[in-house]
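The two complexes that follow have subunit A in common; it is paired with subunit B in the first and with subunit C in the second.
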Partner chain A sequence: MRTTSSLKLSWVRFTSCSGCQLMLLNCETSLNELARIVELDAFPLVSSAGDRSEPVDIALVEGSLSTPEEVERLLAIRRHSRLLVAVGACALNGGINALVKGERRSCLAGIYGEQSAGWDSFPPQPVHHFVRVDWQIPGCPPERRELLESLGSILHGGWPGRQLMPVCMECRCNENRCLLVEDHAPCLGPITLAGCNASCPARGVPCEGCRGVVPEANRDELYRLLLETGLSVQEIQHRLERFGGTPHGQADR
Partner chain B sequence: MIDALFPSYPLPQDVVDDLLDTIRRDWTFWGPCSGEDEVWRLQPLPEGLWPANAVTTFLTVKKLLLPQRAALWSHDQNSYRKAGAASPVAVIGVPLCDLQAVWYLDQVFAEDEPYLDRRKQLLLIGMPCEPGAECRCSRQLMPLAGDLFVGADRVWALSRAGQGLLLECACGVAEEMPLPWPEGPDGQRSQISEDLFLSSAAASIWFDESQRCLSCGACSAVCPTCYCFDLLDSAALDGSVVRRRAWDNCFFAEHGKVAGGHDFRPGRADRLRFRMEHKLLGFGDLRGQNSCVGCGRCRGVCPAEIDLDRIAEQLHLEVGS
Partner chain C sequence: MARLIVDPLTRVEGHGRVELLLRDGRLDDVKVRLLESPRLFEALVTGHRYDAVPELVCRVCAICSAVHKLASLQALENAMGVTVPPTAAMLRELLLLGEHLQSHVLHLFCLILPDLREVPDILMLLKQGDPLAVGGLAVKAFGNRIQEIAGGRVIHPVNPVFGGVAYRPGKDELETLAVELERWQRDWPELAAGFEQAGHYPAAGTALGSAIATGLADSFALSGELLWYEPSACAPVAEYVRLLGERSRPETYAKDAAGASGPFLVGALARNRLAAARGVPVGRLADGLGIHANNLAQVREVDWILQRIGQLLDALLGNAGTGPLRAGPVAVRGGKGTAVMEAPRGLLVHHYVVDEWGTVVAADIVTPTAINQRVIAAQVLADLADEADPARMRQVTERIVRAYDPCISCAVHLLPASGDGA
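Coming up: the complex of A and B.
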């Protein structure tokens, strides 16, 4: 039931798979509560109505941007939104979309054919390249717990407490076997932002870095360790870049 | 401390069973268990499956005293609730070095209510261990906490609670005896003096080692005496609030940051030096107390093979006169 004091929330989607929206919709037991405290202005995966470009309290932005029209729309959303929250790997660092490499025009022609000749587009960019982002919810897709805690805290007037620490720390706290040290598997846990409860390494799958890198990540040393796992230089670069990581040699110490 | 004596009783097999049965009445047994992944963890023990020896588990009893991430309190509408009480756990198969570490944590958290609530519920039972290649324990380092020490044919009472259990099981006549510390590594531990440490700020060893440090935090997560924590508040959609306490780590970029943007330890070298100071010299009332119990866990888990003992040796070479 909407009340006069309910907050207006808009979910805005740029280029993405909509997996981030799906994660929120998967929080079935919390959707009633969410509907009680917010008024949805737009939520593409729920309704095709929406994006009325009205002022909202919170805009959740999913996806990366690659056209001038998208940037126009993002700027308008920023103007109309009290708070703007970037959600998911694509919005935070370009995500999988940013893997596209090579000269833009030939890339487009390769996928869309000759019709793309007049299109105006640029390589996929994260949201923070164009507007101020008030809060980030990382992940591909984001964790349900983090989505709910972030929304809950923001809707009630605060930021959720969180730790900017690597997946390694969560993995050790959970007493998982170390895939990097014990099995020489190419795990990106040492430089990847935690918050996923190390769910991939816990299942024996080396971390792929979907949540982006921690502040002051020591890429040089991880690069050296990944070489010891038997990966080639090119394989390592691909692995580190998969979710928008900066290639080796540009470490931000 | 080297000659600390504890009441020791002979321990025939029937008395072992009696003792364990007596403990099981009031406590749930936890002990070292190895999974298919060959990682030893402290876990609830299947009934009747007692460890033969102490084991250097991945995490120590620290995880029961200061859980990795646990609620302190929650607030809902108009009511405020303290987190639920811990249930009684008897941890069996604890190595002596880990019992020293609990003594150290007891000093640090002497006035911390959530810690003390959990500590009261814990019965700690030490056992003899086989020292591994990484072990550097020392009986002279610090006293130890615990309630019982169960050896091959004798049992020691380390606390009044332990003594009470042994009297209940009619273990015979006590003799004051030292604990059977493992032979071997004793005395080979690294130490640094206050003077050496203070004059080491510009030593190249900090820079060299920190080049390799990933800041992954593994060393202090597995350290039995590392206790840094962060307080994290979050609200649910319905407005209920929970405050959690979660392990923090001095290698993380935000650990030394304070309001106003100042960072007490802006680089990895500063953080490595800080951790060394904390381990080997301590802070506050515990300044001067080396808190590295020599279990070797940090060396074993470091992806970059950073070793505090090696750093200490290098410091003596580089800075020592």
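Coming up: the complex of A and C.
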């Protein structure tokens, strides 16, 4: 690990909503400091500079992959990046994009018509299906704190602390009302990776699981509790697979 | 025929490319290609329950996530005959204003200002301590705080839910916003002045396209039941399919829209022109300005946004803030509903068909950048007619595209609400 004072960085985006990179721009009060420690190789949303060919210290990769051209770009990025960090739900497990059901050709034809017959695309896949991933930053969107912490730790030659507990624990620490048990609301806090300080449940909004599934999740017990909320089996399935339970996702690997 | 490719377009949201086709060294044709991979939102929302769909479709785009969520909620509420209580409607509008403020300021200070200063990015300006860049970021942060308080988080807001909103922001939180608002009502004009000088922008012909936007008859607004379009006409929102005449084109993964009399123009400039035409102006702009006036129209709109945020905060801190947050119990029923709203970068349409069990069976979303796609190409062609220097062609093309504040991840969207006769 190097400990020099600047990081040469690329931000690479595949199929996504751009929310992960916007979140970095949303760190308004830290951008000044970021400007001092980061040298942009390529970050098309932010900068018109960048030669896009040099080896970089760190590539932040957002989005899932759904075309052969995207996979080729990803492989090239892996080759010229010392570290590759996957950012956000789409990059980590396919995200919302991966929820499309049904045969891809007919889905494309249904939306875009016959012209789509020549388009080469496949069901969206997470980054780790193709290349080695050195670090992951979860969330839809990711937390500002985690983006900055990761860059800061890497700059100083280390890794940030790894979060392994569920959102549920953050609710306990903050003494939030339990939406699942007390209100029978379909909260996914018990199996969702913490790190957001349970911001949605703290406002009375049930967790939708956007940070992905925690290791050793007790899915059976959550499933039983979700049945008690009055949701149908299909609705529970939809809710559980929204972030992290899809057949393409790492959660099931 | 020679070809100049501008790829990737930088300092715009999403992945797009412009192809300039030259004949004898002069520009002959322009193709704007929106290169996002197809995301098939239409296919992924069908089969989901009505109240889950807004949580999915806000992920079409991050910078417009609030307006996608709000437009989808309103369309679904229309489909099922649900009316949102006034307090909830105010909180939703506050969220929308926060999004517009954040997005306009992001566009002006992070994406456009580097052009005016002739540097590659805002990080460079921050290193130089540029006061306009520093001030702009502070306003941007204010827009985000509004979104966090009214929406629960800055991207993909969680507060708007079917039938209303989930929580009431704390009085102390709204009071903090009111205090900060005073600062920006005082300091905004000085920051805004940085975008006024015409010399900063490339020479350009008149902005092309027939403006189309929603809004109210008697005041400027970011949502409404009518579509206003040039020259001086209006139609109910259900007419959007006929008006926008959407169709797919082979070179792009987004669909574009062509008006009967040439391409439509959407966004801040379109809103500004239409508001002036119906007698509810939102800041004056000179006539016959080029497309870079879209930046000025955003500046003017920020004046209005700040004023409107003040009105809403006053109301929410008074009695209006204590009303119910959710409509009563929902009687699930089938139906179809349409809603139009102004995204920061222009007109957004959401349309859904729901079956009698509350499952969404068809969806249609028309996004602003998909509508603008054709007018962007036409504008590049017109403004570069006399240009012979390829390097300058590339540079001016990028700046023209940027002026529209395009959002390309949005533009890859869904259609058609097949066979429901919308």
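The definition used in the following text is that the second predicted complex is superposed on the first by the 234 of 253 C-alpha atoms of A that agree within 3 Å, B and C clash if a C-alpha of one lies under 4 Å from a C-alpha of the other, contacts with A are read in each partner's own complex, and residues count from 1 in each chain.
By our rule, a residue touches a chain if its C-beta (ideal position, glycine included) is under 8 Å from a C-beta of that chain, and two chains touch if they have at least 3 such contacts.
Keep in mind it's a predicted model, so treat the numbers as computed, not measured.
Student: In the superposed model built on subunit A, check whether subunit B and subunit C fit or clash.
Tutor: fit
Student: Kindly classify A:116 by the partners it touches after superposition: subunit B alone (first), subunit C alone (second), both, or neither?
Tutor: A:116 sits against subunit C, while subunit B stays out of touch.
Student: Going by the contact rule set out at the top, does A:34 touch subunit B (first), subunit C (second), both, or neither?
Tutor: After superposing on A, A:34 lies in contact with both subunit B and subunit C.
Student: When the two structures are overlaid on chain A, which partner does A:180 contact: first (subunit B), second (subunit C), both, or neither?
Tutor: A:180 contacts subunit B only, not subunit C.
Student: Could you look at A:166 and tell me whether it touches subunit B, subunit C, both or neither (first, second, both, neither)?
Tutor: first
Student: Touching A:149 in the superposition: subunit B (first), subunit C (second), both, neither?
Tutor: first
Student: Considering only the touch criterion stated at the top, classify A:17 as touching first (subunit B), second (subunit C), both, or neither.
Tutor: second
Student: Of subunit B and subunit C, which one touches more of subunit A's residues?
Tutor: If we count touched residues of subunit A for both partners, the winner is C.
Student: Could you tell me if A:239 is touching subunit B, subunit C, both of them or neither one (first, second, both, neither)?
Tutor: Only subunit C is touched by A:239; subunit B is not.
Student: Nearest CA pair across subunit B and subunit C in the overlay: distance in Å?
Tutor: So the smallest C-alpha to C-alpha spacing between these two chains is 12 Å.
Student: Report, in rising order, the residues of subunit A that make contact with subunit B in one complex and with subunit C in the other.
Tutor: Subunit A residues touching both partners: 34.
Student: Quick check: in the complex, which residue numbers of subunit B touch subunit A?
Tutor: Residues 37-39, 41, 58-59, 68-69, 211-218, 221-222, 230-239, 241, 244, 246-249, 252-254, 267-268, 301, 303-304.
Student: Which residues of subunit A touch subunit B once you look at their complex with the stated criterion?
Tutor: Going through subunit A, the ones touching subunit B are 30, 33-34, 37, 148-149, 151-153, 155-156, 158, 160-166, 168-169, 172-178, 180-181, 189-191, 214-218, 220-222, 225, 253.
Student: Quick check: in the complex, which residue numbers of subunit A touch subunit C?
Tutor: 13-20, 22-23, 25-26, 28-29, 31-32, 34-36, 38, 40, 43-50, 66-67, 70, 95-97, 99-102, 107-108, 110-113, 115-116, 119, 121, 124, 140-141, 199-200, 203-205, 208, 210, 235, 238-239, 242
Student: Help me check something: in the complex, which residues belonging to subunit C touch subunit A?
Tutor: 8-15, 36-40, 42-44, 47-49, 52, 55-56, 59-63, 65, 106, 110, 114, 120-124, 126-127, 134, 137-138, 140-141, 144, 152-156, 158-159, 161, 166-167, 248-250, 253, 255, 398, 409, 414-416, 418
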